Amino acid sequence: MSLFRKLFLVDLIEGMKVTFGYQNPKYIYTEQYPKERPPVSERYRGAPRLNINPENGETLCIACDLCALACPENLIVVGWQRGGPDGKTGKKTLTNFTYDISRCMFCGLCEDACPTDALELTQDFEMANYSREGAIWDRQALEEGPRPTQYKE
Amino acid sequence: MPDEIKPEAPKPEAAKPEAPKAEAPKAEAAVKPEAPKAEAAAPKPAAPPKAPPVAPAPWEGDLVTHMKNRFGAAILEASTFLGQNYFLVDATRIEEICFYLRDDQKFDMLADLTAVDYPKKEKRFEVVYQLYSFPRNERLRLKAPVAENESISTAVNVWKTANWLEREAYDMFGINFAGHPDLRRILLPEGWQGFPLRKDHHILTQDDQWVRENLNIESGQ
Amino acid sequence: MPSTAQILDWLTIAKPYIIMGLVVAVWPLVSGYIVLMERKVMADMQVRLGPMRVGPHGLLQPIADALKLLIKEDIIPARVDKWVFWFAPVIPVLTALTAFAVLPFSQRYFVAELNVGVIFILAMTSIGVLGIMLGGWASNSSYPLLGALRSTAQLVSYEVAMGFAVVAAVMVAGSLDMVNIVKHQQASGVWFIFYQPIGFFIYLVAAMAETNRAPFDMPEAESELVAGFMTEYSGFRWALYFLAEYSNIFVVCSIATTLFFGGWLRPFPNVAWLNFLDWAPAVMLVGVGAGCLYLAGKQLSAANKIGMGVLGAAIIAVGLAFGVPMVIDYVSGPFWFLFKVAVMIYMFMWARFTFPRYRYDQLMQLGWKWMIPLGMANLLVTGVLILVKMQYWSAK
Amino acid sequence: MTEAETVYRPHPEDHTFLDSNEIVINMGPQHPSTHGVLRVVLRLDGEKIIGSECVIGYLHRGVEKIAENRTYVQFNPYVDRMDYAAAVSNSLGYCEAIEKIMSVVAPPRAQYVRVILTELNRIASHLLWLGTHALDIGALTPLFYCFREREEILKIFENYCGARLTTHSFRIGGLQYETYDGFEKQVNVFCDDFLHKVDEYETLLTGNRIWLQRTKGIGVISAEDCIQYGVTGPVLRGSGVKWDIRKAMPYCCYPDFEFDIPTGQNGDTFDRYIVRMEEMRQAVRIIKQAVAKIPDGPIMAKIPKVIKPPVGEIYHSIEAPKGELGYLVVSDNSTQPYRVRVRPPSFVNLSALDIMIRGHLVADVVAVIGTIDIVLGEVDR
């Protein structure tokens, strides 16, 4: 560092120039979140959803239990029964599906495992809830999407 | 370990950029010349039902000769597996071996020290030393079997890294490192019961006990 | 029915008390807005928005903060020296507010014209550190104690340098009276910063150090000492320390303005062709008002839009009122004074958000090895120059 | 005697001038600049450090035990959560270790994408380090500039795999996700912008006299000590040892790229700072090369549905942003690992803290903790 730089505090002034320059409002990077909603990417792994077939309104889930097996946290419980008259034979149908998002780490392994694209991690990222019980989603919640506790103006 | 495999010169662990790009599935790997070891292992029936394409092979080289000349019976095994060399050594002479490796063979860094628990083996724990040599650019693994109530002498005097790593091994496995300056738990709290990385330590025991004492309920799970 | 003359008479007598009352009543709010300004400046420099939620553009944030601090539980840790712990935060606030007494906001507005004004302020700001010391000591905890120790050492070192800088300016002015110093600048037609650039630099550094501002914020260096002497404080008592800190900043900036920037004078007060600057207050206020109106359009909620719009309109109205020649005569002094102080405070903030923090021993080194010798040399040169000038004048 | 005093065990090298001046203070676990829940018990003579003792484990989650209770595939997301500032590197190390023991090599396209993401993650990790390190030393503003650039990287991660921090972006055998449209462009744009931003940080810090005073000669550790303490990564390179696993024992497709290994001379905080700044530039260099010649082809090697590596053990280590990140995987030919040992760079580097801060002041402890660049999630696992 030359004497000139040292004597006239050039190093300090250069730094101050950088911070001063950034005061221009066009550099503002943050968003006012609940009012300005940043877009999340298409592949975002957020709230889980159980997809239903849009044509007939039936669930796409075939109750194969692969997601429950794939889950590292064992947080998926698939309830099913046999469709036959005696309840022991015939096609498996889904009865209930619980998903504990309080333990979920959104790794996407369940989504990868699903053979029918029934279980999907969606772009919804607002899952706040006042109780632990509220974080355990049943089949209805999974099909309808999350109902987060809203921040109200 | 069966010994009919062609010995391979000690080769430092390295990425295999020249490895075949189109990967064969495991079953085919035995036939395809994927790695020399795999080829050699092919005709040999291995212990597990599904013939694994690779198995540890005896390792010969200058280092092995030096070590065997110097320590003789203390070197229980010298093998190589997937290009990684290791010695199985007598735990009672570990400090001596470490000093020799550091000073004469230039393995100047202890990259890692840990243990593996094999409850069914005669000597339950295997303390694993992961050495690295800057001059040779080579890795070496030392394994020393230790029984549950035995102690192994510390490597702190050889590499200071061993201080925390041995504390961790003690913390997780309860292996006693004789001569360690400050052997106490490092990651777990002082009052912790048991050694969690032992195979017989069930993860829920501690939790259930804590929950019973502090919350007055049967189980936290 | 008292005559107009009588009323004016009473007003003259009552004026200091009115100003005193005004300062004490309004000051906490003003310092709250200085905090808001700091947060906004910080946010701007850090490519952020800063507080935006309370009121339009976050303008009501200080009020929300003050309310929160007032209703917060007053926690007194178990093993503290209770009375000292209670009383310590009051001291710096008291001394800082006392120092306001001799600040000449303009030729007309000041509480007391003290012939030792500068020394009075220096004395008051140094007593303020007592509160920090006591607070740190009474907390009976390691971090506050270290903070208090650092604070004391820092004050002792930089008080000296600051004294040298002030004395240099006083030598040029030939008076210790704050009002007279400004009047002298008016007479010579030039701000003292042009006579005393080095003195001003020393003063600036010493002032930053003395008010515990970054890069000299040792006593409360949050990344080292958590919160320094304030670690154990919370709620209202903590707010008092903050109030004192910002009051002190205001005071030291006011001194700088008075000593080096011509107090209430506009730039180059004697240059006639710059007379249009007399209209600057009105123009600036209208400009700020217009800015508010522009921001109003950008607010996200209707309430904030209206609030910002009303504020902008009000500021424009005040600005237009300032355009009336009789009014401008009264307000231009305080306006320029406050404007210069605000610029100084901005400088403080700017430095704070740009520089890393000195280490404690480096701070001492800077103080004793650089600032004090520099101050002495500056004093010497100033003295010689004044002597030469006087002889030159007398020879003439 | 306070609790902190009971924790502190005198070190044989401890010595004081006067006993009466000593205080023992707790730095952490709740402290603004211990980067999480590190607790350092300091013995002070005035403000001078005469001894220190790290207390760690507040964030211990038993990752190694979890590994023994999960399948190989299921354990993959957990490694992201050790060094959460460099999740991609963790994942790369783990996936490569398992691939190695299975004698599988990921297809070239997968390897290139891996390198791009890992190097982006190295930049992200270094940015986080730079911001917090500067904040510890008192420069408040670089933190936000760093986070702004880091945000751009996280956006790339989010676009690529749908998660920002704990990405779970790689799978054993390759990749789960193909790159998205505009991936190369977004990465290139970031790289071009970023070089200017690094210069800006340097304007704010490198030349600044206060920064120089605060970092030069602080926390000096010699190359011999580094090796004795097993310290790796930028700390080792800052001490002048030109050793980087990417060059010394190349993995993935690093041999395909040209880059330099920056080193320092004095082994002080400033050198480590310079090394990391230069590493960010080198990372940009690698990324640009990788993006330019990213091959087409499959992204997943042929691996069996159920992963059962052969009996044996493997140690695979990579150059994580913090240093050598090693995985010792012991397999018993079942679906679950018999043992997974993680060689955490932060943990080993942290053990050298004591010798680095002895004789310095409290303010330097903060600087040195910052310069080692620890992530407590990895120290405690």
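To keep things simple, chains are lettered A, B, C and D as they appear, and every chain counts its residues starting from 1.
Definition applied: a contact is a pair of C-beta atoms (placed from the backbone, for glycine too) under 8 Å apart; a residue touches a chain by one contact, two chains touch by 3 or more.
These numbers come from a predicted model, not from an experiment.
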item: Count of contact steps on the shortest path from chain B to chain D; value: 1
item: By number of C-beta contact pairs, the top two chains; value: B-D
item: Distance-to-centre winner among chains (Cα means, whole assembly as reference); value: D
item: Interchain centroid distance [CA atoms averaged], chain C/chain D, Å; value: 44
item: Separation of mean Cα positions, chain D and chain A [Å, integer]; value: 27
item: Whole-Å separation of chain centres (CA-atom averages), chain A against chain C; value: 49
item: Geometric centre distance via CA averages, chain B-chain A, whole Å; value: 40
item: In chain C, residues with contacts to at least two other chains; value: 45-48, 353-355
item: Contacts with two or more other chains, residues of chain D listed in rising order; value: 141, 144-145, 148, 204-205, 208
item: Multi-chain contact residues (two or more partners), chain A; value: 12, 15, 18-19, 22, 29
item: In contact (per the touch rule at the top): chain pairs; value: A-C, A-D, B-D, C-D
item: Chain A to chain D touching residues, read off their complex; value: 1, 5-6, 11-12, 14-15, 18-19, 22, 29, 40-45, 70-72, 105-109, 112, 121
item: Chain D residues touching chain B - in the complex, by the definition given at the top; value: 9, 56-57, 60, 62, 64-65, 68-69, 100-105, 107-108, 227-230, 232, 241, 243, 248-256, 301-304, 308, 310-315, 317, 324, 326, 328, 330, 333, 338-339, 341, 343, 347-348, 350-351, 380-381
item: Chain C residues touching chain A - in the complex, by the definition given at the top; value: 41, 44-49, 52, 300-301, 350-351, 353-355
item: Touching residues on chain A, where the partner in the complex is chain C; value: 12, 15-16, 18-20, 22-23, 25, 27-30, 32, 35-36, 153
item: Partner chain C, residues of chain D touching it in the complex; value: 23, 25-26, 31-33, 47, 134-141, 143-145, 148, 204-205, 208, 210-211, 213-214, 361-366
